[in-house]
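Chain naming follows the written order as A, B and C, and within any one chain the residues start at number 1.
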Amino acid sequence: MRSFIVKRVLLGILVLFGVILITFILTRVIPSNPAAQWVGQRATAEQIEAAKIELGLDKPLYVQLGRYLADLAKGDLGRSLRSHQPVSAELRAYLPATIELVLVSTIVAVIIGIPLGVASAKRKDHMVDHVSRFFSVGAVSLPTFWVGMFLQLIFYRWLELLPLGGQLSMSIKLTHEIPHITGFLMFDSLITGNFVVFKDALAHIILPGITVALYPIGLVARMTRSALLEILDEDYIRAARSYGLPERMVLWSYALKNSLGPTATVVALSIGYTLVNTFLVEAIFSWPGIGSYISSAVISLDYPAIMGVTIFSACAYVVLNLIADVIIALDPRVRV
Amino acid sequence: MGEYFKIKDLRVGFKTFEGHKNVLDIDTMVLNKGETFGIVGESGAGKTVLALTILRLLSSPPAVIESGSILFNGEDLLQKPESEMRKIRGRHISMIFQDPMSTLNPVFTVGEQIIRVFRNNKRISRKEAEKEALGMIEMVKLPDAKNIMGKYPHELSGGQRQRIVIAIALSCGAEFLIADEPTRNLDVTIQAGILKLIAELQRELGVTVLFIANNLGLVSAICKRVAILNAGRIVETGSVREVLKDPRHPYTLTLLNAIPRNKGERVNRVNTTIKEERDRDLRGCRYYSRCVEKREVCRDSEPVPGLILGTHWVACHRAFEGGEPGGGQHTEG
Amino acid sequence: MTKSPGIINSIKPRIREIRLSLYLLGRNRLTRLSLGVVILLVLTALVAPFIVPYPEHIEAETNPVDKLLPPSGKYFFGTDELGRDIFSRVIYGTRISLQTALIAVGLALLIGIPLGAIAGATGGMVDEVIMRITDIFLSFPPLLLAIAIAAFLGPSLENAMLAIAVSWWPWYTRLIRGQAVSIRERQFVKAAKAIGTPPARIIFGHIVPNCIAPVIVQASMDIGGVILTIASLSFLGLGAQPPTPEWGLMVSTSRNYFLNAWWYSIFPGLAIFVTVLVFNLLGDGLREILDPKTRKI
């Protein structure tokens, strides 16, 4: 067990290094010209040369890689080509809004996805199963960006129930003091008892939250279904039934507890997907997170910013998967 | 004497894409209250299917119960709705499964699993259930019951696990117990212990046991009456003494020769290389292609059970060749 | 090349396998339905230029008089900000989406199959290196790597396809490696080795043909996901460029108008959804049919 965890952590570190290496190769080998970007469009050849030396691009590749790694180790992701601000500082400013969105949608996904999967497995090949399977496959087939617009159309334009976008209404922003403790707006407003702000923030997160949650709902439901179907075929389930245990207990306790491992993995996995999905959704809802940040970086070809978000998201994904694997391996009852 | 448990004309099949395959075809089988009845047959003979059919736990599809009745205390289990079946399972009929490792839920402690069964079937408080569970573990002769309670299945040995499985099956308080090859994957010494345990418990608690095994030796040690099952059909049945003394079906003989009696004696292996799949499709005897004494008639007509003596019945054409009474005269199927 | 005995010997069980698959397919209504729609989509893609009511609206042709008209008998799906018929553009978009998805998956297979076959057939250090690289690529969230690569290559549909291929091949490598490892030990491969067949011939003449089937099945199941990825890249401005009638791009440009012209974003988005959905349903059904666990009957 311990050796498995050590191996898994070592592999995780190797993978992290590989991720960084790939992003490095992307920035250096692909025919983009960071130096030209750095000095702007109308620069002379001399200026570009000077910029190359300034950015260390004249050095051999392995020296560049060394510097790149050293910078990364210090948390330095370079400077944005647009704002000339450190990317890491900008990321930090945009991150809380994204994390809030990801967390809310993941919680929603677990709350809806697991019962959906259980219902599906319980009545396999019946109507419930068909509907729930259709829904879960549908959820992973939806273009999230379009769903966001669709919801805006319905709830903002037609029903006039919910705000169009942003994290807070302008009027609230102007008339209320916005708490700033952890950077997580809903959390901060809740612990400071600022319920007006909290309510407004809640209204704002509903649409993007649902939009982002759809994909993980489908993922979690599908995984729960297939894991459960496998488990329901096990002898101990048949045995539990032969002891006359109520179906409720057999399904929700005996079977579901055994399927938590694969489900936990898929939740960890889906957080990674969700993070990337926010890239598409945040732009639509003017959500001030790293998704909006990367969308605008993509349009203006701000490579350090794109790279920064890429490295951050990939690392988050690797670490989440690592945690999921280790937690499962730590459980002494699970046969690895 | 009223019949306690009776199977009549039971036919179970598996529906596959290649068509229908019969796996169980039992004309009659009767168990008296308080006895231990043995079923012997090799793997694939339909023993586990029979057990699961009684409990109505066969997954369907692919399994289909085509016809017949299983009378238990005068009520037909096959006609009961699932909700009533749930009340029968555990409280009245319970089962010891063959593989203790896969029968125990890996994510709960064994104590928890026993307690849950107790609480469900007796409606008692958790404290009481804990006490009962401790008693039950002691009853199946496991030392240090308190310690065992807190263990997960994978922390126990094979023999310990099988005892726990028995304990859980008994915790239901069932009066009818199906033991499906409870000693299958155990060492010989542990096998003997488990057999002794089942026999003792049966005597003490007065439960009726349907004991399923792949080995006549085991059954003769614990049962009074036995039925031999081949390819879903009972080919010979009677008291253990009758069957062992005067085996009439060639298949029973093969099974008997497979029991090691003395040290160093060579054991005849049951020939399982021939696919009995083919035999199921025949109109005749399902032992046909493996039988060493087959006749022309065996291929085309199904042998009807005929009485040998006392309670001893056999379904074989050869057994009545001398024109003995019983089922010698058969009609074309 | 003569047929190896391994192939001949495995024909009989294969026929049974195929019959079982057809039986399971026949039982699953949802899968059958999605197969029908997929066929319909492919046909639409093939004949799109000939059946759309306004072929001239597919590209840049503008028609300002009729701009942003709601759906009507004249324009089934309404018109966009340049007065182009959205119905014609959505129908034609089928062709673009299917084509790009096929090419992207094809490219991914082109990278993935040889690498996986080499890794599985050679084993040892080569295997280790290839598979660790594969692991690294697989540890990016799926869409992320495509976004990064597409951003660096510069926005265009071709680059988007390339970006998807680069982020997708590891799945096929992993799959084919597993197959190759088991086939490596089979008699006909050993026989080929014994008579001195060069390694490249063994890999591409014997191993690849014998393990390609599941990979092709997987690839066809992936089409839905790839179509969605292309649309997402285009939405971000990293894929198709105007005036290409690509669905994701159409939804993206509709952002400035959709609150007052719902049809503009609804129809292209619906087209993405339906296409991806039927491919995924089909893939899901096929997976179930081919899964050994559900096959045991």
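Methods note: contacts are C-beta pairs under 8 Å (C-beta built on N, C-alpha and C of every residue); 3 or more make two chains touch, one makes a residue touch a chain.
This is a predicted model, so every value here is computed, not measured.
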item	value
More contacts between chains, B-C or A-C	A-C
Chain at maximum distance from subunit A, centres defined as averaged CA atoms	B
Intercentroid distance (Cα basis), subunit C paired with subunit B, Å	52
Where subunit A and subunit C are represented by their mean Cα positions, the distance between them in whole Å	24
Two or more partner chains touched - positions in subunit A	none
Sequence positions of subunit C contacting 2 or more other chains	none
Two or more partner chains touched - positions in subunit B	none
Footprint of subunit A on subunit C - complex, ascending	30, 132-133, 135-137, 139-145, 147-149, 151-154, 224, 228, 231-232, 235-238, 248, 251-252, 254-255, 258-259, 262, 265-266, 268-269, 272-273, 276-277, 279-281, 284, 293
Residues on subunit B engaged by subunit A in the complex (per definition of touch)	52, 55, 57, 59, 86-91, 93-95, 97, 99, 102-108, 116-117, 120-121, 152, 154, 165, 168-169, 171-172
Subunit B residues touching subunit C - in the complex, by the definition given at the top	14, 16-18, 61-62
Subunit A to subunit C touching residues, read off their complex	11, 14-15, 18-19, 21-23, 26-27, 30, 32, 130, 133-134, 137-138, 140-147, 149-150, 152-153, 156-157, 230, 272-273, 275-277, 279-280, 283-284, 294-295, 298-299, 301, 303, 306-307, 310, 313-314, 317-318, 321
Of all residues in subunit A, those that touch subunit B in their complex	233-236, 238-247, 249, 254, 257-258, 332-335
